[in-house]
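What follows is subunit A paired twice: with subunit B in the first complex and subunit C in the second.
Let's turn to the complex of A and B:
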């Protein structure tokens, strides 16, 4: 039996990790130095979620994939020039900050209400995907709160695999401590999954896919509403880089074992 | 003491990113172009960079790893970017800008990779420009990668003009490749015997078809032409030995040998038969002229990309040079700035940067010009074909009136907008032959100018970039592969016509009245701009352009001490330096125009809001210093040519009035440099402050 799903992927942008990310006190609270000017990439965990969604859609004809993003819309537009080339999706855009210093509860509220408003969304077929963590805020809290808001009680976090069984139920592998997996069965939609890395490679860019996606992306960007986010819920006393820092160094052809040894030594030091 | 530069101005915060580039190079509203850029970039900074890091440049052979690169191009849509949607491509309309962007992105990492990709388009170009509809459809769609499930081998092509010595190099008129009629049965298609040897033919190791230039060796074939050869045609199709080249090793170059029988339908552009003689619709010169005028722009963009790609690694090297040493404690200038504490290091980097920017501005303008020119040329070709207008004389006659109208149009456009007769402007713009003349006059200067200057002077400045990295610069480990990029630049300056070919073309096209009329308008515009914005070097550039204009008019009319004409076809000592000088001027002007565009359109992009002033300030300063550098070149060239052909001790052989005018113009130019070095100092400060990423985004 094949089921057609409605998959909503929540994901936005983070500054390109190769950039210098320097916390500063901005006019409206903590921020990163030159954050708007830095190039950004799709949050890597959300990216895995998106590629998993697209893969599922490929094997389940009739499935629709939506990408819901909260971020500065001009930056999202730039991001779409890459992401839209990877896999087919429909775009839902919320114009607002994508900073790691936002209250995840506010973000979850905004995303959940945007999901509710997707025309024709069938909640009985709904899979909400996102990253279980984010490169800009590693709290791992947003997806659960979205689930809460949408009234979905089957939530899986740190997932690396979702298999649709012949009877339509799901088999999900979640990461737990010690490099182990917890395997769960779930009767079916609706569910919320916070993805870890999954198992899929990043699809290559294909401008032809991108051009098709742009048909919905441009209108979505044009009609994007400013997201109403309250910023008074959280007060930051101070923001600083972690005390313990590892300097990036580039060494050619180092075996994995060597790298692992070095990291262990660094942690212990 | 007051210091004019102490007034606080906004500095550029980060290196210019895609938002800035899209505005300056005018593709902010072309999403398909932006996507091709991203797709190409991911192949370049991913697979291509790994090939270089893995030492694939160390072999002349076409290895399986290099072959994988072609597949990556196919998958990322790079190969099909050249084709129309009905041929299997995905971009509608002219592709000059998008291909220039592809060349730029690939060459940012490795220009050989760019050559490998673009040589396929070069092979297709003769067919694309002059082929019959059937030829166009067959080969263009054949070169589109098969869709999943489609059973078909992709076609890959080579372009074979160059031949073993002594023939075809710069002087492409003489061909030793020949065609004869092998068989011509009554009522049947003639069969042609083709003999051609190629030298330095790109893609030849794997090409399945070749577009080859050949001359007639048979009274029953009227002229030279280009033909399409296919692997599998009857006879010898031997790719020959790999060329032992020291550059561009990620492209595949061979010296092939062909001796094949082909049907006459493979003559590019078709033929007619009159009195038992095959008359090709286009001789080989007509075809290659249409080809090179476009493809040379993409070559120009390769060296440009490399210059700009050098900025980030050089800054990183300079800043981190002393870290780890005793004296460089975090927080000290020695730690934070390293070599950037030294003014010369900043200034030399700025010279590289300004060259890269000006050449990008020039090359992308040339590409956009061809995007405008393409449809006009198609319309003209269709008209000429329909009306049977053939041969240079008949064509000149058709253009006599449009030429006058073009001059009228340029004159009107030289007036302030309020004073123009809008109706007349509209009428002239609706007349495609008039617009053809206007655009052609520009395209015929901009294409050779960017090929000449971007690659030739670019190669010189690439050496400068290498030198800024010290010993590291000339090692394999140098981030950004700078030495490879430097040596590769010599090929970019050579293939598709070395510098002398570009100079030769410019020496003819830059003295056309239609071009010079526009040139005069530009001087006026720059003067007006300088009055409003004195900080961009527009005044300096205008003075340099006036000097050049006066000199070229003088040189065309004056004679040397021996009574010989100065500006003449054979007198390359006069014509060629003037071509170089013009290229400097054009690049400098385009950089100013792109900076103005950034200032105008930047506010529409909310991402840029925060940093826009810093970018505009930096680019204005860069424009100023580039205008000053161009002015220096122009002053030097013009003075040497104007005075240098007089008998020694007799500068008075020049009429007094002429000396006076030249000296006045020269002195005005020198005076206009006031402020240029202050602009350089400001730009240098920006260079020491600008934030760069922690590491390069492609492997070493």
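Let's turn to the complex of A and C:
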């Protein structure tokens, strides 16, 4: 049985992991120094969710993939220049902060409202994907709150695999303790999944896909609604960088035997 | 003055997981620190009486429980319903729970239903001037925040390894049953099993004293112009076996398999350490053939002693990220290390 799904992927931008981050006190709470200037990437686990969605769409004709992003419009536009070439999707843009210091409840509220407003979305075929947790707040709570707001009672977190069974049900592998997977069977859509890394590589850039995506991305950016998020829920006493900086001893021009002896002594100590 | 609910679930054998006993220590400490506060216990599982008996001496004013076959396994729909019912019965202002995979999935949904606020990955708790403050990391262990909230109920999911395991005498606990009826919608998901990795190498074992991290260099061309993946596998597996070490990896090595390049057959995403992987807590870590780039090293935040073997004296490990960097060929070094471990 082939089923067409409506897959909504929630994912936004995070600072490029290679950038040095420094917290500062902004007008509404903690923020990152030069946040608007920092190069950004698509949140890694949300990126995996997007690739999984595209892969599912490829195998289930008629499936539509939407990417719903909350972030500063100008930065999302930059991000789309790279992401748009990866896989086909329709873009839904929410103009607002992408800070990790926001409360996930506010973010979930904004994302769920945006999902509900997607024209023609069939909730009986709805799969809501996102990352296991973001690389900014790293709370792992937003997807469940979206599920609650959308009235979805089947939620999976830390998933690495989703297989659609011949009867239309899903077989899902979720990461649990001890490096194990919990295997679940779910009757079918609607479901919410917070993806871990999955098993798919990052797709290569495809300029044709990029051009097709741009037809929806530019209008979506132009009509992006500002998302009003409350920032007074958390009282931050401090936000600081860990002070731990090691004095690295560099051992070079030393015979392999000596290095090995030192390592073994260290392992045994 | 807070009404504190310590919430936990049992394991398959009816006992509480270690992180739940650590979190119980945290709940007891908070109850003591916030004068006039009381602590209740909420338990979820198939048969919760053994767990209730095990923590009978914890000083809880009441033990509430949801039990039965429907609550034996980790399923979002039933877990949320059970935790919501217990939280409502307790009328708690603070809900403290262990950050197990089961609760990490379910409790944010419970928070939404209770109109509560929630913080996860708690790595420290303190009371300052009668105000409860928590510590948690942001931007994947790159900055740490101390924060508090005035909104109630406030749910806290406490990470493992932060508090000592609670120890106390067993007793006979009286459990007040909270009844929960599941709808058909909440039972659409069935847990059909658990899949364990086929070998020790395929996962990060938290109980090992040493984390051995393999980087992408193991599968790159060596000075002879050839790759030596098979030799790399033998050396790495040899060390894991001889040093009883746990295996971690960089993202680039894990991704190579998916990209069709030479790979180490036993490496999977479950070994991945770093921004999109695990943040293990081993006492010692040894990185090999890995450059120590920031996205990987953020996963080393809680590893105490760090050493690295790399051919590049200016790699990331040299920039204050490792205690010792050996500038050498990891193939040669690990071969010798294995020989020495064999002898000792």
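The rule is short, and it goes like this: the second predicted complex is superposed on the first by the 241 of 269 C-alpha atoms of A that agree within 3 Å, B and C clash if a C-alpha of one lies under 4 Å from a C-alpha of the other, contacts with A are read in each partner's own complex, and residues count from 1 in each chain.
Simple rule for what comes next: a residue touches a chain if its C-beta (ideal position, glycine included) is under 8 Å from a C-beta of that chain, and two chains touch if they have at least 3 such contacts.
Please read all numbers here as calculations on a predicted model, not as lab measurements.
By the touch criterion stated above, A:37 is placed in contact with subunit B alone, subunit C being left untouched. After overlaying the two complexes on the shared chain, residue contacts for A:72 are found with subunit B alone; subunit C is out of touch.
In the superposition on chain A, contact of A:26 is made with neither subunit B nor subunit C.
When the two complexes are overlaid, the chain among subunit B and subunit C that reaches more residues of subunit A is C.
By the document's definition of touching, of the two partners only subunit B reaches A:210; subunit C does not.
In the superposed model, A:252 makes contact with both subunit B and subunit C.
Contacts of A:155 after superposition: subunit C is touched, whereas subunit B is not reached. Contact with subunit C, but none with subunit B, is seen for A:145 once the two complexes are overlaid on the shared chain. By the touch criterion stated above, A:219 is placed in contact with neither subunit B nor subunit C. When the two structures are aligned on the shared chain, A:241 is found in touch with subunit C, with no touch to subunit B. When the two complexes are laid over each other on chain A, subunit A has residues 18, 248, 250, 252 in contact with both subunit B and subunit C. Of all the residues in subunit B, the ones that touch subunit A in their complex are 13-14, 17-19, 31-32, 34-39, 42-43, 53, 72, 75-77, 80-81, 90, 477, 605-611, 691-697, 700.
By the touch criterion stated above, subunit A contacts subunit B in their complex at residues 16, 18-20, 33-34, 36-39, 72-75, 78, 81-82, 84-85, 204-208, 210-211, 214, 218, 248, 250, 252. For subunit A in complex with subunit C, the residues that touch the partner chain are 14-15, 17-18, 21, 23, 30, 44-45, 48, 100-101, 103-105, 108, 135-145, 147-149, 153-158, 160, 171, 173-188, 196-202, 233-242, 245-254, 256-257, 259-264, 266-268. By the touch rule above, subunit C contacts subunit A in their complex via residues 17, 74-77, 80, 100-102, 104-106, 108-109, 111-113, 117-121, 128, 133, 137-151, 185-186, 188-197, 202-206, 210, 243, 245, 254-255, 258-259, 269-270, 272, 275-277, 284, 286, 293-295, 298, 301, 305-307, 309, 313, 317-329, 332-333, 336-337, 339-341, 344.
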